[in-house]
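Shared between the two complexes below is chain A, which pairs with chain B and chain C, respectively.
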Partner chain A sequence: MSQLTDKQLDDLINGLPEEMSVSPNVWQKVQGEISHQPKPNSSKWVPMTLVASLLLTAVLSWKLFDHQSLLSVPEHNTNTAMLALIDNVEQNHQQQVSQLQQTIKRVAWQQVPEFSPFKKGLKELRQAMQEVINQLKLQPQDKQLWDLWLWMQQQELNLLGQEQRVQQIESI
Partner chain B sequence: MKLIKAGILTLTTILAPLSAIAGQEVNKTLDASSNPHIDINVKRGNVEINTWNKNQVRVKGSLDEKSEGLIFKRDGKHIQIEDKIPDRFNGRDKDGSQLVIMVPTKLTLDAEGVSADYQVTGLQGEISVGSVSGNIDASKLTGDIEINSVSGEMKLKGLQGKAKVNSVSGDIKDTDSKAKTIYNLVSGNLKAHSQGQAIEVQTVSGDIDATFPKVTKLDIKTVSGDANIQLSSKVEKVRGKSVSGDIDLHFGAMPNLSFSINGGPGGNINNHLTDDKPKRSRYTNSESIEFVTGSGDGSVRMSTISGDLSLSKK
Partner chain C sequence: MLALPEDIELLDKENQWIALAQRGDQQAFHQLYLIHHQKIMALAMRLAGDPRQAEEITQECFVRLWHKLPSFKGDSQFSTWLHRLCVNHALNMLKTQKSLWARFFNIDSAPEQSYFDEYQALDKVILTLPERARWVFVLHAVEGYQHNEIAEILKISEGTSKAQYHRARALLKEKLA
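Let's turn to the complex of A and B:
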């Protein structure tokens, strides 16, 4: 994936929140989460709240950077800032995942991988996410990689939310 | 002796209603408001939901072998149907509830189960059907539709309006739907022949085999699953992202699109639409290609990290 020109970087910084290719329904919910009071911790809302926190962190982190000064900063300094942002976003995401996992009770079928479609799906997703992170660290200015990574994070949160919901349905 | 007989009689009296409930035949009807909100909770067995031309809800069939009683009650617009069984249950699914539920055509429906199979047809409104391991057959539904399954199979037909279909490991088969649809899969596979105009497909490792002849907007995201998609020349916008999965787009006729395809650090681009060849970046070793077909009014943007991206015309 190609390196960005200065103009492209400028466009990227200005356009990142609006241009993330997330489905309209998610965006409506994220908008609602950011502008409203925190809702009670129910399964349907937990993943959306976490996604909102994640995106808010990403947006605030972007805004911390004065994009004008970035244009005159040597590229390696920009990359350093982006790498720090990647680590920050990843750390934030892992905290959200840990919090969500604490709400999911351990039951017998979850500990048997071949019988747990969630465990298998999460394992595949996480392995692929690591691949994307590794690539993103090599090309931290690649917007399409960012889009892909954020989508995968959302998928992980959604899957954990579904697992929690299944527990409720089965009254475990 | 009299005491023993009294004891047996008492025990029989206590047990009789319970045995009468489990496996009991039911045939009950409630009046419903127009556009009622119906909640159905049947953990295992088979539930058929059909429509009729009455403002009534009827539950007919037999209860679960372990049933503790049928909850069938109305509170204003809200109707609750639940075949209550113990939270932890063993036994075969055929010991479960076998119910046919007749409902008004227009409604809000929330139906869920654990291993229960659901067949739902002809409803209009806000419809949500979910089962953990049960199979779901949904046909001729119109409105705001959501179908969820973890490991059950889903067969969909003739959906209209807006549909969101979620599966973890179960396969999805969708035919003749016209809905604006989002398919979300983890490891299950999707086989679709949909007439929808706006389609979104997201998969982790499940494969996609789809024909979308009327689609104008298509969004594909895959981690490692492969997507093989037939499109018409009418498509206006395609966005595709892949980690390692392959995305193959086949056009019925030459489209009017501008293409921007990025093969990433480890992917490959196969262009069989035109004679344009991918170029390899000197610095990143990634392939990319840009070209236009026809008037170039629409756009195709695809990128991958290590998958194959292919374009062809039938």
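Let's turn to the complex of A and C:
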């Protein structure tokens, strides 16, 4: 089955409905909440809210401190292991990239103009990948960043593979 | 495009309802709800990917609106201001709920397929995208936010936003083929 073109996807996006229906009880719930709460600009609640916030902050800080003191060591260890894993995956990927680049003829590679769509696309992809890696190193347990990074690695390999195939065809 | 007379009339009425609701008039606030709630639901649905959660977000956005309304000074269009308020509130709710949920259950909760029956083909597929790719896609492609704005809202780099967007498009094209 052929893949959707960008134009077809854009047409579908433009055709998306701007509105979606809501259950009738949503307004009742909104009304229920705002009826039991102060009017938007009522000032007598400000001191009470302030006191409540201070109390809540104190309790949460105490809880958080307690929680962190219990969990800080294992979490640190996990992050160290995840950072090592990131380095490992990165090294493996770079090896794959090097192998693929070696199979692309050196001369032909140099002949590809610096501003060709291929080199431009690859450069942009690599810049974005670097940003994602930096972010991942700050949040090494973020599954979605991992997914994105691995997907980008695959895109880089696909791009290099495509270029390799184009050069093979051109050399025939 | 020139605004139609009925649009101008509605905007005038809306300004009156805003002024009344700012002073605590719940009936005027209900009128504002009637005009905007379905658009907010569409936004919430696409961000949350779950109808029940989307309704909860819609509800909480209007409760928040009730409290924030006095700070609306009319510097921008009300719909734009409300939209931004709801995007921020929806994402905050989703991040909080996600982290709370994740503390107790180590799973990604996916709603049953039957919930999606009433939605269009593209919407059904959008709802299956990975969460952050979906947020970026919805904000950029559907809601018209720029990548630098999305980066600021989601606290990610612009490059990450672009990468998530392209990944989302690739996944959508694959799934819709």
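In this text, the second predicted complex is superposed on the first by the 88 of 172 C-alpha atoms of A that agree within 3 Å, B and C clash if a C-alpha of one lies under 4 Å from a C-alpha of the other, contacts with A are read in each partner's own complex, and residues count from 1 in each chain.
Just so it is clear, a residue touches a chain if its C-beta (ideal position, glycine included) is under 8 Å from a C-beta of that chain, and two chains touch if they have at least 3 such contacts.
Keep in mind the model is a prediction, meaning the values are calculated, not measured.
Touch criterion met: A:132 reaches chain B and chain C at once. One of chain B and chain C touches more residues of chain A, and that partner is C. Legend: residue contacts after superposition of the two complexes on their common chain; A:152 is shown touching both chain B and chain C.
Looking at chain A, you'll find residues 1-3, 21, 23, 128, 131-132, 135, 144, 147-148, 151-152 touch chain B in one structure and chain C in the other. By the touch criterion stated above, chain C contacts chain A in their complex at residues 21-24, 26, 29-30, 33, 37-39, 41-42, 45, 54-55, 58-59, 62-63, 66-70, 119-123, 130-133, 141-142, 156-157, 159-160, 162-164, 167, 169, 172-174, 176-177.
Chain A makes touch with chain C in their complex at residues 1-4, 6, 9, 12-13, 15-23, 26-27, 29-31, 33-35, 37, 39-42, 127-132, 134-135, 144, 147-148, 151-152.
Here chain A touches chain B in the complex through residues 1-3, 21, 23, 25, 117-118, 120-121, 124-125, 128, 131-132, 135, 138-139, 144-145, 147-148, 151-152, 155, 158-159, 162, 166, 169-172, going by the rule given at the top. The touching residues of chain B, counted against chain A in their complex, run 87, 112-114, 130, 132, 148, 150-151, 164, 166, 168-169, 182, 184, 186-187, 200, 202, 204-205, 219, 221, 223-224, 239, 241, 243-244, 262, 264-265, 281, 283-284, 286, 288, 303, 305-306.
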